[in-house]
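For reference, chains read A, B, C and D in written order, and residue numbers begin at 1 within each chain.
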């Protein structure tokens, strides 16, 4: 293999299809495609299906790292011999936005730091993440959560749109290898490319409507102090408890496991399925006691976990500002609105606070 | 051999058909169970000494009542299958609106029906029910899982979470947001959200999930073009005797507005 | 790539924390209606030998065919050779467990959770307050203390249940009462049978026993375990009598699927009962408003 | 000597039926077919409901032929609001009907009827000795189910069958899969036909007063005219004029007659009429049969079902091909509720059914009338039973009862 060291390359947009084709030849390719009026991450058969300019997918790429329904293992009923049957494949997830990359970072912390989960680790090891830059819509608030841009690389490649080309930053040896394999498609960076790359940052920042962004400074303390706020009750009156907000969230990880016997009674499978803190049974223990007895307590819990729990556990906010929970909520409840109401801050103050945040 | 029975009361037989649709699973099942009572599919039927009895349909006639009581007596476990057996079915949606005599008169005229009838009732209103597998019809996977669990001596586990769960995880565009009436948020999941996946709103055939928020549901439906009255009727279709839980937020205001 | 991530990803696959160890039931004792004590031995001898836990920790027990349940260890780490669990029949999985016989297989993983801070309790008085099945994890603590009696100052055990019929570990508790190196105060909700009267020191709630304790609160560590509703009242009463909130430890029950901080069900406010608990200082109740 | 024969619970028929036969000496005195199924008042529970709820509610009349009730009610609603669906929607409906017939006919033939002729109490017993035959039944049913699931959303009571069409159409790949499935089962369908031709059907020659079907008698027809065997052709609006319904004193199903007489509907009535319209390959197969069609032997209803099954296979293939050519297409036409009345007729697997609704200006239902196949079959089955019993009076009770059961089953009421 050639010795190859490079920090970044340029991929002309006209080469994108070939690039994708190349990725597809390397391993299973997963990328956003259009479904109805929305987008979803899906395994790609035809690279022409790939939608590069999407705002957000219904479900985050999380589903390819932590499948929504998965088998932990199976065991035989007579001798209780345990047997792991799950298979891991190589996969490339293309077109991940910055917020989702941050979401994956959070999952990494949850699954790999304390009591690491070997299944997640194995999947994660064999996954290549290729990010892509994006422009915000009215639901995005990643600028507030500090996740608008990919940080110190938990990705392998990141494509930034600089007009006619993509500016491709290389984040890992795996990413480097891909570039090397497909190097005919790339150009070397020139000064103007670097300039455009830098410019893209401020371009994205400017696309946010600052007055709409929530102020997340000291949000942990705020939420703790506002434990008895009316805002929770008001929100919960509209909340359907349908779990959509957690199911679409790139950082939520709760699951329930059930043992499912086969019809012949010889084998039992332990199935884990994604669940939500918004479901009453989630906190139900023996004796019929609900630890989160009413909708208000469940509604509040999500905010509590995102903004107090995650910082306590993994030292990061549990929200990456992707806006999915607000965009998908059937009742139209918006996380930003709830936070703003909790903060009770007036518009002007809010703007100043976020302007400061963005100029940092 | 575990002895099972499948009984039909007043209903459309759709659930029993779904059981027959289990095909492969059914053949596997037959290695461990003997079907002692299944009039829809076999000749020799004995309603005696059963381990599990599955009951489809609502209790509507005197005969239904007698049959299901006998069934309860002879079976250790009784599982209500389908929304008729669990809640009363579509036929009970107007139980609170009109009297029985009125219904009989409207459909059969002065002569009336030749059998003794009551308002359609859920099986649990007549005898004790161990498990309920709602749905119109019941879900095949749930049926197989229930049988497999019971054969292993374990109770099946069905958290009463809303259809939105399965709908969202199938990555459907939310129909409510698209303006199509959907009962997903207040309906007990387990069906795999086939209706919303086909673009039809959930019709609520599986009954209530835990602590449904009907106030908000009704208000969402009214924002999507239904009158409060129609919204409540829409919600009532499959909810049978549980329909009385449907609450409407500030009815007066909404009508006034 | 980030250093932290690089470190995480380059680790070899760890031992699967979800994979339980096969164990066999060696003994079953019927303690009270619907309450049984199970003794287990691991099939793998080396696990038996290396098994160690802190009182207050729990295990995840796989009931074949039914699923996994978190159960507190009620045996003391000072007595090796077997793991004991006391289980009340309440639902799907416990029902199946109660049908098992000696010789049947189960699977166990753990121990999990933090347990009582036995290290810092040493050199102090210990007040143990148990309500109902809450005696199970505390039994582990009791024997831990009694087997190292000299390291602790005065020891009190307060225990309350419904009626004599529901008293767990009857013989053991009777013998404890006869010892003179600790004080036992027992109460019952009901005073109906002769046995009830003979057993209990008084009729009524556990909280009513607290004033009878003759200990210097600031020198005392308190360990509490009981039904969820009891904590609030016990906590209030203890604070009223001057026990410092940082020295009161409560063991909490939550729904749990994994025991290792992955499933989320056991969250109490911002903490996880499984990895940050199940034993919490009462101080936390201020931060975790929904804790009790 | 008075003989009284009662079959209290007819097994292997859908719903709850009973037969009472009273014989006095050598004469048949009374024959009664009782449906004891609890009434569900569909004509009443649809009242005050929005038109959007109607297909869903009446779908629950029958779990086997739900497609027919849904389509008939949908067409009635379209009729009331004066809209016409597109050709593609009609084609998709046809494909759905193919699915319905594959499922329903295979269920009836293999699981309800065949055990009689093979000497078993149920298909489950039969499976032990003839696993391949039962598996063939399963395979055909499975294809039918898959078609219904793909188009309607569920195998039973699929909610995607609505007035105005569908909310969504299957993906192209799914349609291609259906086409391949259909090609795959053609041999099975042919085998079914020859199997059902080889059975020993009891002789029963009871020429029916009238036979009724949609015009042309083809089961997949979506036409709006009906045809009586005496040559009368009428439109769906005149249905209640020709088919008269009265409440039966002993059955919860109503009893219908044409011109005061019992009439035949269902597979035999249809096939007798439609032989010429079938796919050439089907016609080819029919020529080879040892039993002659058209026929007036009600037991041959089973053979007629097998004929329709094969036709369903070919019709299905043709329909998918046409759908694939038209792909993609609009799933529905918009509906605008208005005051008025609408009618819908459809050939359900067991016979013609009829729906009529009246709506107020908001599209709420203010009146309904539904005539089910069961109601229309009541009289003709009784008549056939009578002639069967008269002919076979000499038979012992048990045998006579069995014959009677087989006959009722052949109708699948």
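The working rule: contacts are C-beta pairs under 8 Å (C-beta built on N, C-alpha and C of every residue); 3 or more make two chains touch, one makes a residue touch a chain.
Everything numeric in this text was worked out from a predicted model, so none of it was measured.
Chemist: Applying the touch definition from the top, give me the chains sitting in contact with each of chain B and chain C.
Modeler: Both-contact set = A.
Chemist: If I average the Cα coordinates per chain and compare with the overall Cα mean, which chain comes out closest?
Modeler: Going by the distance between chain centres and the overall C-alpha centre, it is B.
Chemist: Could you see whether A-C or A-B has the larger number of C-beta contact pairs?
Modeler: A-C
Chemist: Quick check for the class: compute each chain's Cα centroid; which one is farthest from the centroid of chain D?
Modeler: Between chain D and the rest, the longest centre separation is with C.
Chemist: Which whole number of Å gives the spacing of the CA centres of chain A and chain B?
Modeler: That gives a centre separation of 37 Å.
Chemist: Could you work out how far the Cα centre of chain C sits from that of chain D, in whole Å?
Modeler: Chain C and chain D have C-alpha centres separated by 65 Å.
Chemist: Could you please state the distance in Å, as a whole number, between where the Cα atoms of chain A are centred and where those of chain D are centred?
Modeler: 52
Chemist: Counting only residues that touch at least 2 other chains, which ones in chain C make the list?
Modeler: Only 65-67 qualify.
Chemist: If I count partner chains per residue in chain D, which residues reach a count of at least 2?
Modeler: Residues: none.
Chemist: Among the residues of chain B, which are close enough to touch at least two other chains?
Modeler: Residues 152, 154, 157 of chain B each touch two or more of the other chains.
Chemist: All pairs of touching chains, please: list them by chain label.
Modeler: Applying the touch criterion to every chain pair yields A-B, A-C, B-C, B-D.
Chemist: Could you please specify the touching residues of chain C with respect to chain A in the complex?
Modeler: Contact set of chain C toward chain A: 1-2, 5, 8-9, 11, 13-20, 22, 62, 64-68, 88, 90-91, 94, 105-107, 227-228, 253-255, 257-258, 260-265, 267-272, 275, 287, 289-290.
Chemist: Touching chain C in the complex: which residues of chain A?
Modeler: By the definition above, chain A touches chain C via 72-73, 75, 77, 79-82, 84, 105, 108, 110-118, 121-122, 124-125, 151-154, 171-172, 224, 227, 253-259, 261, 268, 270, 272, 275, 277, 282-287, 289, 291-292, 297, 301, 304-305, 308-309, 311-313.
Chemist: In the complex of these two chains, what residues of chain A are touching chain B?
Modeler: On the chain A side, the touching residues are 35-38, 40, 58-59, 68, 77, 237-244, 247-248, 256, 258-265, 268, 274-276, 279-281, 295, 328, 330-332.
Chemist: Across the complex, what residues on chain B touch chain A?
Modeler: 25, 28-29, 31-32, 144-145, 147-149, 151-152, 154, 157, 159-162, 164-165, 168-169, 171-174, 176-178, 182, 184-186, 210-211, 213, 215-217, 220
Chemist: Inside the complex, what are the residues of chain B that reach chain D?
Modeler: 8-18, 20-21, 23-24, 27, 30, 35, 38-45, 57-58, 60-61, 63-64, 89-91, 93-94, 97-98, 103-104, 106-109, 111-115, 117, 120, 136-137, 180, 191, 194-195, 197-200, 203, 205, 226, 230, 233-234, 237
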